[in-house]
Each structure stands twice: as structure tokens, then as C-alpha cells.
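Lettered A, B, C, D and E in written order, each chain numbered from 1.
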Amino acid sequence: MFVARVVGEVWTTKKDKTLEGLRLLLVDPLGVEERARSGHRPGLVVAADPIGAGVGEEVVVSYGRAGRVAVGRGHDIAVEAAVVGIVDERSGKALV
Amino acid sequence: MFVARVVGEVWTTKKDKTLEGLRLLLVDPLGVEERARSGHRPGLVVAADPIGAGVGEEVVVSYGRAGRVAVGRGHDIAVEAAVVGIVDERSGKALV
Amino acid sequence: MFVARVVGEVWTTKKDKTLEGLRLLLVDPLGVEERARSGHRPGLVVAADPIGAGVGEEVVVSYGRAGRVAVGRGHDIAVEAAVVGIVDERSGKALV
Amino acid sequence: MFVARVVGEVWTTKKDKTLEGLRLLLVDPLGVEERARSGHRPGLVVAADPIGAGVGEEVVVSYGRAGRVAVGRGHDIAVEAAVVGIVDERSGKALV
Amino acid sequence: MFVARVVGEVWTTKKDKTLEGLRLLLVDPLGVEERARSGHRPGLVVAADPIGAGVGEEVVVSYGRAGRVAVGRGHDIAVEAAVVGIVDERSGKALV
């Protein structure tokens, strides 16, 4: 799992039928401050959002089966990343 | 999942029999603009395409079981990345 | 699996119901000393902690199903990284 | 999946019994030309080869269960990367 | 799978019960020589070792279910990386 900031949405018309009705967010994984300055953070991820996060919010994202548990509840769907929580607060090193 | 641009195709004759009849695309994962300038975007991915994306289009790609759901519908196939949607529109930061 | 240092916690109110009651740690994967100086260590990971690690401790983290074994014991939960051990001692190259 | 060039082989005597009789190739994932110059391509991968690729050939490699489908056909084996096709031709950007 | 050099061990007392009795190695994934000079090799991995590799030896490591096949033989354990073979010999490009 990782913490990410929601930076946008993605819309598709031609898509796998198991994606119908799902909201797809573009999320930007957060790293520690020093690493962000070096420009080596990983790229954007597309995550299905069953929770209702807004652009600018920080979220926890799970990959793989864990993501499908949050979105599909036992359905076999073409999703492998999902928002599983909206961050209220974090302790520790600043993330940017 | 990630957003990628379709940059080409791959053809194979000697292959696993579960790949027969599948179209294999070379797709280039998109990052945010600043990261692209640093040259640190991840490498190209080969994704099976059950939807019919064209070279130059932007697509959403799923990995692992999620990709096999889109391609195999319950068949056990030697594929772990697939196009699951063609992007109509995106909001948020520009991707290149 | 990887060795990481616990650097903080993450709290969420709106979350997948399978995350309720789980403690989520921010952990920083450790690399070898020379790599840390280059600034290319991977980003922070969010790991569920069923063991009770404290901030500053070093832990072993497992991904995917292995992580759900440690946290869920057969339950299908939206978690894909978990603390599976607290490091007492390590031999070999120094990690920072 | 990714395109890689076969650069060598690996031989093991002490090994998991499910690897017996499998040919293990060292393969070098290909990226786009500009990225190769920056030196940031991912490292070498060890892939089981049920197809018979030669050193210098380009192959398509699948990870995880997809790789085990190509090698094990339902057997539970200690392999998570396999050659699933030999590339005849590619379109799009040059890969090096 | 990847080739790695064993660089040390990790000992834990507080741990998931499925890790009891397992030897955990710190292994350093090998890349090609040119990449090592750039300092961009991936970080250290912790791998369970059912085979008995020594520090300084080169090993083949499998991830995920493949690793659990080598260690757990059908048991559901909190491990996602394992030594599956000790390298006798390699052909192709030099790895460092």
C-alpha cells in the first residue's frame, strides 16, 4: 500500500465491461521530501475509487487482490489498484 | 493500473498456445511532465489488447489477474498485462 | 520481503471496512549505504502492523498474499503489505 | 509482459525440485532508446524458457501466474517469470 | 526471478508464527556492469532460504506464490521471496 495524492480523473467509453460504473482516479504516489527534490518518485497510478475521494485529498491505495476486495467484493474484475482509505492525519516524516 | 500511450505492436510465431489470436501492443506508461523531462519514466510494457486500441491512443492497462479477467474471462492464460479501457479524457496534471 | 524502518503512522476514517481496527505504518525501505547517498531508494510503503512495531524500529515487510496471511488469517482483506517481523539483528552490509 | 533480449543462461545444481529440467535464461528488458542512454533500464531478469529461445533473440516475458501457465500447465512450481513468445517483428519506436 | 548475491542474514524474535524456523537472507540483486556503475540497481531483498546458501554465493530468487512453493509446499505462509537455486555458472554478460 502507499499514500498518494489524487491529481485527476480518467474517463473511458470503450472499456472492459467489469469497469462500468467505476470511478477511475489518477493518483500521485508520495515519497519523502528529499526524494521528491531529486525527481525520482514513481509515476502516476490509476486507482478505482469506491470511497469518494476528491482531487487534492491524500488516499491509501492497495494493489492486486487487495484492491479488488475493496472494489469488487468477490467479483472478478479487471482492476488492480483501488483507494482503500482517505488519510485524515499522518505522523512521521513530511511527504510531498 | 496506469495510463499509457500505444506506441507499436509485437508479433510472435513461436509462442505459448494461450497467446494465439491475441494482439500484443507495446505501450509507454505516462508520467507527469516534470518526470518525463528527467528521463526516469518506467520502460515499455507489452499488453494484450481485447478492445482494439490504435497506435497513438491512450489506454488504461491492468496487471496480473485483473489483466487476465479482461482477456481470458476465466481461462488460464500466459498474459499479465491487458488494455482495459481507451481514454476519452483526463483531468488533472498534464501527462506526457 | 524487505527490511524497512518505521517512520510514522497513517490514520483514516473513511476507509474500506476490512481495514477497521488495523494499525497502518509508514515504513521506509532500506537500501545499501552507497545507494542511499545517490537518493534512489524506493518510496515509502504503507504496511499493516499486527505485531506492534514502534517508530524507529526496523521491520521485515511482506507483500501481497503473504502480507494478508500475517494480518487476515484467511480473511479477504484490502491489505497488500504487512509487518511480519521486528528485526533484532542483521549481518552483512550496513543498511541506511 | 515486456520485451527482452536473451543475454545468457543460468545453471543451478542445488535447487528447488520443481525447477528440475527447466532452462533458465538471463534476459535484459528493453526500453526506448532515449532511456537506455540514461542508464535507467531495469536490471536483468531470470526467466524459465519452455519455447527454446537462443541468446541474442528478443522474447516476450510474462510474470507471476501467467509465467507458470506457460511453464507448468497447472503444476505449482517455484517460477515467476517465463518466456511466452519469440519476437518476429515489432512496429513503433526503436528499442535498444 | 533474478540473480542475487547473498550479503547477510536477518534475525527476528517477534514475528509472524509462519516465519518460525525459516532462515532469512539479505540478498543483493545483480544487474549488468554498466548499470551498477550508475548506482541504480534495486535495493536489497529479504528472501527465505530453504536450500542453504552461504554469504557470498549467488542465488536465484523467486517472488510471490513461486517463492511460497519453494518454502511452504502448500502451507499459507507470510513469505513472498525465496531462494530457489544456487548458481553454479552463468553465461552472457558479466553481472556485478
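In the analysis below, contacts are C-beta pairs under 8 Å (C-beta built on N, C-alpha and C of every residue); 3 or more make two chains touch, one makes a residue touch a chain.
As the structure is a computational prediction, the values presented were derived from the model and not from experiment.
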Legend entry - Smallest number of contact steps required from chain B to reach chain D: 1
Inset, instruction - Report, in whole Å, the distance between the mean C-alpha point of chain A and the mean C-alpha point of chain D. - result: 29
Inset, instruction - Report the inter-chain centroid distance for chain A and chain C in whole angstrom, where each centroid is the mean of the CA atoms. - result: 18
Inset, instruction - For chain D, jot down the residues that touch at least 2 other chains. - result: 40-42, 64-65
Inset, instruction - Name the ring's chains in order, please, starting from chain B and stepping to chain D first. - result: B, D, E, C, A
Legend entry - List of chain D residues in touch with chain B within their complex: 1-3, 29-32, 34-35, 38, 40-42, 50-52, 60, 62-67, 69-70, 74, 82, 84-93, 95
Inset, instruction - Enumerate the contact residues on chain D facing chain E in the complex. - result: 7-16, 18-19, 24, 26, 28, 39-48, 55, 64-65, 68, 76-81
